[in-house]
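Heads up, the next two complexes both have chain A, just with different partners, chain B and then chain C.
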Partner chain A sequence: MKLSEIVDRLDLSVRSGKEKLGEDVTGGYASDLLSDVIANSNEGDIWITLQIHQNIVAVASMNKLAGIVLVNGREPEEGTLEAAEQEAMPIMVTDMPTFEVVGKLYELGISGTR
Partner chain B sequence: MMREFSADLHLHTCLSPCADPEMIPRMIVRQAKQVGLDIIAICDHNSMDNVDAVTRAGESEGLCVIPGMEITSREEVHILGLFRTEASLREMQRIVYDSLPGENDEEAFGPQTIVDEYDRVIGSNTKLLIGATTLAVEEVVQAVHRLQGLAIASHVDREGFSIIGQLGFIPPALGLDALEVSRPQAAEAWKDYPVITCSDAHFLSDIGRATTTFTLEEATIDEIELALLDKDGRKVTVH
Partner chain C sequence: MNRDEKITKIQELVYEMKVQEVMRRKVITVGPTTQMSELREILRVNRISGAPVVEGDALVGIISLEDFIKWLANREDDCPIGAKMTRDVKTLYADEPLVTAVNKLEQLGYGRFPVIDRETNELVGIITAGLVIEGLLRKLEIDYSEEEIHRYRASHIFEDILADRTKLLFEYDVVGQDFERAGESASGLKTTLRRLGIDPRIVRRVAIATYEAEMNVVVYTPGGKISCEIDPEKIVVDVRDSGPGIPDVEKAMQPGYSTAPEWVRELGFGAGMGLNNIQKCADEMVLTSDVGSGTHLKVCIFTEQGRGS
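This part shows the complex of A and B:
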C-alpha cells in the first residue's frame, strides 16, 4: 500500500518528506526504544513512535523505513524536521495513541511480520 | 605529587524511591571507606536533597563527595551531572524541578526520604523523582555545561534509560564529557569518549562494585576533568 493512501485513510498530517509519499509501505513496526528499532525493523516499514528526537530520522534512514508516525499529538523537534527534509524521510503526526494507529494499520492489511 | 584515587561517581541515597532505605549518609560514607574509596558522587534521580548531608558526613571521615544528580531527559535518557559547587547543583535542580511534572506515589514507587548528616529523617520529597523531565537530552547537557558541570551518559551498556537504549546512538554534537559503563569489559567498545565505571549503587553492598581509578594531584572535580581529557599527566583507569 502506498504511504499516501495510509495518510488519507488515517487522516495523518504530513510534516516532512512529501516527495516520498508515493513509496510502498510493506510492513509496520511500533517501538520507542531506538536501539530496538535499529535491531528489529525492516526496510519498507512504517514506524509508529512517540520519540521526537532527531535520532529517529537517522534510524529510519539507516533501516530504509517508509516513514515515521508520531503519536499523541507530538510534534518533531526542529532539528528532527531539518534532518527529515534533508534525508527526504516522511514524518506524519496524529493525535491518536499508538494502539489506535497500529490497529487501523492492521485493518488496512499492514502487518508486523513478514 | 600525583597519586591514584579510587572513585565511585554514581551513588543513590534513600532520596531515590528505588534505593534502599539504608542508603543514608553515615552508612554510605562508612561503606565507601571500607571498600577503599577516596571519592564518591551522590547522584539521586532529579534531586539534590541529600547531597549536603552526605558531603558533611564525608568531610568528617576524609571522604571527598562530589555534588551530582542523575537527570532524566524527556527521551528517558539518564545523564549524570557532576558539579563544582552545591550552588551550581542547586541551580540545576531549579531547572529540573521547573520541568518535572507529577507527584510521587510512595506505595507505587517507594519513599523519597530527606535526611541530615547524622542519618536523621528531616523530610520527604513529594515530586515524582522517578519521572522524566520535559528537557531534551541536548537541553540537559547544555544546562550542565552552562553551570560548569560535567555531563556523563549513565550506564550506556544497559538498555533501560541509557542513551544507547533510548536513542540508538549518541547524537554526534551532544558534547558529553564521558560515558559511564556498568561493566568494565564494556569500556572497550567506546573509542571516541572517555569511559568511567561506576556502581550506580542503590544498596550499601553495591558501593564500590564498579570503580574508576583517577591519577590526580588532588581529589577535585577540576582534576577529574583533566583526567577525562587525558591532560597534564592526569589519567583514568576503569576496572
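This part shows the complex of A and C:
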C-alpha cells in the first residue's frame, strides 16, 4: 500500500519527505528504542514511535524505512526536520497513541511479520 | 545536466509521476447551500481562486472566482452556490500519470481539477498548474542530487591511482554527552561512502556499526575518535574512547544488557542492542576495554572484491 494512502486513511499530517509519499509501505514496526528498530525493522516498514530527535532519521534511513509516524501529538524537533528533508524521509504526526495507530494500520493490511 | 537533458528529464517525469504525488491533499471545499455572498471571504481567507462543491462525501460541482465575478457583475440577488456552480466537473484520478493532468489543464483551460480516488470515488485532493510545477521541480532536484552522487565512483578512484597499495582514511571526532551532534560522524561517513559509489549494502552495514559505536561513545564516555580506512578489499572502522571502560565485555555483548541511565533511555537509547547490531553487521569485530582507560572497537567489513579473494 502506498504511503499516501495511509496518510489519507489515518488522517496523518505530513511534516517532511512529501516527495516520497508515492512509495510502497510493505510492513510496520513500533518501538521507541532506536537500536531495537535497527535490529528488527525491515526495509519498507512504516515506523511508529514517540521519539522526536534527529537520530530517528538516521535510524530510519539506515534501514530504508518508508516513513516515521510520531504519536501523541508530538512534533519533530527542528534538527529532525532538517535531517528528514535532507534524507527525503517522510515524517508524519498524529494525535493518536501508538496502540490506535498500529490497530488502524493492521486493519489496512499492514503487518508486523513477513 | 545541461538544458536539453533537463527538458527530456521533465518529459520523462510527467509520464512517470502520478497525480497523487503532486496534488494538494488538504482541499478547501464548500457546500452547495453556502451563499454566494460568503464565497468571497472563503476564497480570500484561504487564498484560493476556486473550490470543489461537496455534498456529504460526493463531489457535486465546482465554483471559481470567475463564477463569483460574473455573479457580482450581473448584480443578481444572493443565492446558494449550488445555483451558480459548474455541475459537469472535470476530474482526474489520483493514480493517473501527471501528463494527463498537464494535457487537461492545457486543453480545457481550467485552473484546477479535483482529484478522485478511482475505487471509492471520494475527493482526495486538488491539482493546479502551480502544484504540477512545484512537484516536478522537487523531483528534478532529488534526481539531480542522486546523479551527482554517481559522478564519483570508488572504483574509478582506485583505478585512477597508480600504486601497489591504496588506502583512504577518514577521521571523525566524537564529543561525549553531546546529543545534538550525536550520529553526525556515522552520517558523514555514510554520505562519503555513498559518494564513493560503494555498494549500498556495504554502506548500510558500515553505517549501522559506526552509528552504534558512535552512540556508545556519546552516551558512556567524555569523547573519542572514529577512523575509517578503506581499501579495495575492506572497510575498517576503528573507534577509540577515553571513557570508563567496560568491566565485563562478554556481559556487555549480551542482547538486552544495558547500563544506560534513565534520562538516556528516555531518548530511546539503552535497548542493549547496540553491540549486537555491530556484530551482525561486521565480518570481524574486536572489542577490548580497560577499566579506567577506555574502550577500543575494531570492525572490519569486506567489500565484494575482498570477499572474492
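Criterion: the second predicted complex is superposed on the first by the 114 of 114 C-alpha atoms of A that agree within 3 Å, B and C clash if a C-alpha of one lies under 4 Å from a C-alpha of the other, contacts with A are read in each partner's own complex, and residues count from 1 in each chain.
The working rule: a residue touches a chain if its C-beta (ideal position, glycine included) is under 8 Å from a C-beta of that chain, and two chains touch if they have at least 3 such contacts.
All of these numbers come straight from a predicted model, not from anything done at the bench.
After superposition onto chain A, partners chain B and chain C are found to clash with each other. Within the superposed three-chain model, A:Gly103 lies out of touch with both chain B and chain C [touch as defined at top]. Of the two partner chains, both chain B and chain C are touched by A:Ile38. More residues of chain A lie in contact with C than with the other chain of the pair chain B and chain C. By the touch criterion stated above, A:Val7 is placed in contact with chain C alone, chain B being left untouched.
Within the superposed three-chain model, A:Gly22 lies in touch with chain C and out of touch with chain B [touch as defined at top]. Once the two complexes are overlaid on the shared chain, A:Ala88 sits against chain C while remaining clear of chain B. Counting contacts by the rule stated earlier, residues 32-35, 38, 51, 53-55, 58-59 of chain A appear in both its interface with chain B and its interface with chain C. Residues of chain B touching chain A in their complex: 75, 136-137, 159, 164-169, 171. On chain A, the positions that touch chain C within their shared complex are 2, 4, 7-8, 14, 18-19, 21-22, 32-36, 38-39, 49, 51, 53-56, 58-59, 62-64, 79, 83, 88. Chain contact summary for the complex, chain A toward chain B: residues 32-35, 37-38, 51, 53-55, 58-59, 77. The touching residues of chain C, counted against chain A in their complex, run 17-18, 20-21, 25, 94, 124, 135, 138-139, 142, 179-180, 182-183, 186-187, 190, 204, 207-208, 211-212, 215, 267-274, 276-277, 280.
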